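Right after this note come the structures.
In the two complexes that follow, chain A is the common piece, with chain B as its partner first and chain C second.
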Partner chain A sequence: MTVKHWFPLALGVVVALLIPAVTHDNYVIQLLNIAILNAIVVLGLNFATGWVGQINFGQAAFYGLGAYTTGIAAKAGLPWITTPFLSVVIVMAASLVLGLPTLRLRTYYLAMTTIGFGEIVRLIIVHWEPVTGGTSGLRAIPGIGVFGIGPQGQVQHYYLLIAVLAIAALVAARIRQSSLGRAMIATKDSEIAAEQSGVDTTRTKLIAFMIGAVYAGLAGCLYASSIRFISPDSFSGTQAILLMTMLIVGGMGSIPGCIIGAVGLTILPEALRFLGQWYLVLYGLGVIAVIVLAPGGLASLASRLPRWAGAR
Partner chain B sequence: MGQLVVNGLALGSIYALVALGLLLIFNTVQIVNFAQGQLLMLGAFIGISGAVTHELPMALAWASTMLAMALIGIVFMVLVYFPLRGRPPFLVILTTIAMGIVLENIALIIWGPLPVSLPSPVRGPPLRFAGVVISMHQLFIFCTLAVILLLQYLMLTKTRFGILMQATAQDLHTARLVGIPVNRTIAVAFAFGAILSGIAGLLVAPIFLAEPTMGGSLGLKGFVVSVIGGFGNLPGAVIGGLFLGLIETFGARYISSNFRDAYAFIVMIAVLVAWPRGLFGEKSSEKV
Partner chain C sequence: MLKIENLHVSYGHIEVLKGISFSVEMGEIVALIGGNGAGKTTTLSTISGLLRPTFGSISWKGEAIHGTAVETIVGAGIAHCPEGRRIFPGLTVRENLITGTASRAYKKAEVEDDLALVFELFPRLKERIKQGGWSLSGGEQQMLAIGRALMSRPNLLMLDEPSLGLAPIVIEQVFDKIVELNKRTGLGVLLVEQNSAMALEVAARAFVLETGSITLSGPASVLADDPRIREAYLGG
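Entry: the complex of A and B
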């Protein structure tokens, strides 16, 4: 880490901290809160997809499992502090069930199984109405609070979520530097070569997949208790594809890329609302353009100009 | 019971057609097209534009839809596959998904969100025997699948083009070196793949209504069939399709119709856990 790395990081933190001073619009802050939560989920997706190279369309389902676990537990009267743990336990169990038998599958099969997993989770949420509220979702979920102390209002939630995002990014960076992180990259580059060098690729894939699920589960927990309303639409297959495009557009394998992609693609549809249906046409074409023209995503474009911002 | 079998097989025939379209493209370029369902939806709507809006005779509406689908297939290839040749298949999955989103929303802009119906090309009283009713349209679906299966089998195994396709699939560079018109072969494969999904769309629209968002779930069923049958495996695609149609129809009747779409995925995951390359094996294996 040199000054080249620190400067954009410090700039990003200062901008992020100053935003609530510039705007008092609760709608804008709430949108940013969702953007930050999405960024945490995309950072999680980056472990299995960006670093290990395993396609995963199940991330939205883990996000949803985390959110619904917290929503149901909190509405049942459990203290808030237990909900992150419950959410993590549930998503870890689910990621083991999905990951153990399927991670040895090849690209298309893995893509299909993860899509199928997401679809099954969505159908359960939609049809298990007495518990999940069905298509109308869960409302008035109790907020974050430990011994009666918790953030009040959108701005306080914003600062809390920024702090969680910072921790999530730091943990991801530490894992990337560890031997586990190097094993992940080796598995992506060539599974056969990685195995030859003593990397247990199946284990590496499973761990990356589970870490990603835990990120999504925790983000889901925070989503339920900070937005306080959840519905199946927020965790559908469409959302899974959106999370994947955030990762691609931002830059696979790059931590700043994940954050840029998630925040950008959460805000963009609101900013371009006047385009109506055309927004999704342009969004699809834009994703194709990024994949064809800038395979490393926006993060790689930034690092191509001056040589900072891309901390791969 | 007998009725459920007929209905299940009719539904399964449509899934098989979607899978046959996927197979043509997969067998040439080893790419799975995740926008196949959206191509099917376009086929249904172009057919409706011809037969309902412009009141063309049914045969002409079908012919013009197939022609339009061939062109769309080629444009699709140029936009989604060509720029990514030689890059990881992972990326092509994403460009085809993105193209699916584009097609779906263009359809929403052109035709609006309301479901529309397309009449069947065949009329007449349904056949009845032993308490089982087979509508003319269901009969037509079975015949179409049989004809297409026969034609595709002959094309892949007996014609020069089939051999060119296999050579392209095995090794694109060597195929080009020995003078095979690789680009033209790939373009023809995409055109035929799009035509097949267009036909599936024309067959589906009279049973369910056509709407711009219909493609997603039908496309996924096509992949589930390909997975069950093994990617690129011709008999596998047909047997897998019919099997899935039966599972869904019986599951919806005897277990729960709420989870209708989940049965496909549960069966697929079960098959993959037991046979990681599909029930009938894959056409070609991964290169090291």
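Entry: the complex of A and C
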């Protein structure tokens, strides 16, 4: 880590920690909390999509699976501490069953399978009304608490979620530096050359996909127990595409990019609300502008800055 | 050490290899020469497990290896440095090299030793150690691809067209390094080349492959003087 690396990082952390001191608006903080949860989900998506190059439209479904597992378990009276484990077990099982047959194949099979999977999960949530609450969702989900201690109010939740995001980003960075991370990039760059170097590409793809699902499952667990209301809309196919957009706009393969993309695209629709129905036009144009002007995503702009500065 | 017997390989209905047999002994440099579409790359890809033979056998150190997974064959000691290099542009030079160790248990000191060996052979790579693979020149990429193959500690290195797209002076360097490696470590080399003159110069034995069959074979020095070879591959 050089000055170039830790300066923006430190700046980001300071800004993140100061936000609640600047605004006391609960609505703003809750929006940020959702943005942070989305960032964790996008960090997860980055493993299979950004690093291994597999198109995955199932991330919203894993997010929802984690959220509903926690919501249902907590409402049934299980202690909160069991819910992250339950959510992780469920999403791991689902991603294993989904990934094992499809990831042996090359090209776009994962994209097709995960679209189907997303739809299956959505249909189950909508139609299994006695358990999932159907389209009206689950309300009054018990909050986070271990032995009666837990965050109170939006601001405390905000700090907790920031801490989880930081850990999620650090773990992702460590994995990228490990032999598994190298195997992921090698698999994306050339599957044949990766195998010829001794990389088990099927295993690498499967592990990346499962790690991503675990990120989404944990974020779902925290979503259910911090927002305390879940409905199928939050985990639909549209959300899956939105998560993919966040990854592309922020910068595929870049950890800061995942966070910037997720936070930016979660806040933007709310910030543009004054435009009424026109906000979608501006939103769409903005996304297109980023893709055209910075094909590597917003994160790639940051790496260009030193070059501009150096040219002067 | 590597023994290929009556190997047939087809792409769909088209038979590309029509029953070839040859062997590579321990520490030997063997060249496989022939024109476009003769089946040279197919031969290497079948040995490394990317393709399955329709008939015939491939044995390595006395054990049949056809039908085994690609990464298992690398682990058994056959490294394939593919045509067109296929380095990993998204990884740094160092990461590219370390990825070559994926087939064996990771011991940090061993990996550092092997990296040192590769940098000794190709000092240019050491200068580029932190650079992304995408930023390397063609010659540097070829060095990196060979270096990555060596990181798996092979007993046999299969090189597919290492001279492709390189300047003559770089080709010379690459071949010098191949011979140096062979002399120093006793590494066996199976070399596929269109640049037949160069290949026959470094190899001990050679085989000529024509439309899926071996038409000539023998000591490289004898083949280099054979009028048929001179006419077809060495420009008269």
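We adopt the following convention: the second predicted complex is superposed on the first by the 291 of 312 C-alpha atoms of A that agree within 3 Å, B and C clash if a C-alpha of one lies under 4 Å from a C-alpha of the other, contacts with A are read in each partner's own complex, and residues count from 1 in each chain.
Following the convention adopted for this analysis, a residue touches a chain if its C-beta (ideal position, glycine included) is under 8 Å from a C-beta of that chain, and two chains touch if they have at least 3 such contacts.
These figures come from a predicted structure and were not determined experimentally.
Novice: Output check: A:Ala193 vs chain B and chain C. Expected answer is one of first, second, both, neither. What do you get?
Specialist: second
Novice: Where does A:Arg182 make contact in the superposed view: on chain B (first), on chain C (second), on both, or on neither?
Specialist: Once the two structures are laid over each other on A, A:Arg182 reaches chain C alone.
Novice: Once chain A of both complexes is superposed, is A:Ala173 in touch with chain B (first), chain C (second), both, or neither?
Specialist: In the superposition, A:Ala173 touches no partner, neither chain B nor chain C.
Novice: Once the structures are superposed on A, label A:Gly253 by its partner contacts, choosing first (chain B), second (chain C), both or neither.
Specialist: second
Novice: After superposition on the shared chain, which partner residues are touched by A:Leu301: those of chain B (first), chain C (second), both, or neither?
Specialist: Once the two structures are laid over each other on A, A:Leu301 reaches no partner at all.
Novice: With both complexes superposed on chain A, which partner does A:Ile55 reach: first (chain B), second (chain C), both or neither?
Specialist: The first partner, chain B, only.
Novice: Output check: A:Val131 vs chain B and chain C. Expected answer is one of first, second, both, neither. What do you get?
Specialist: In the superposition, A:Val131 contacts neither chain B nor chain C.
Novice: So which one touches more of the residues on chain A, chain B or chain C?
Specialist: Touching more residues of chain A than the other partner does is B.
Novice: Under the contact definition given at the top, report the residues of chain A touching chain B in one complex and chain C in the other.
Specialist: 192
Novice: In the complex, go through chain A and note every residue touching chain C.
Specialist: 179, 182-183, 185-186, 188-190, 192-200, 253
Novice: Can you name the residues of chain B that touch chain A in the complex?
Specialist: Touching chain A from chain B are residues 32, 34, 79-80, 83-84, 87-91, 93-95, 97-102, 104-106, 108-109, 216, 220, 223-224, 227, 231, 258-259, 261-262, 264-266, 268-269, 272-273, 276, 286, 288.
Novice: Which bits of chain C are touching chain A when the two form their complex?
Specialist: That would be residues 48, 50, 69-71, 74-75, 79-80, 82, 86-91, 95, 98-104, 106, 133, 148-149, 151-152 of chain C.
Novice: Spell out the part of chain A that touches chain B in their complex, as residue ranges.
Specialist: 53, 55, 101-102, 104-109, 111-113, 115-117, 119-120, 123, 126-127, 192, 237, 241, 244-245, 248, 277-278, 280-281, 283-285, 287-288, 291-292, 295
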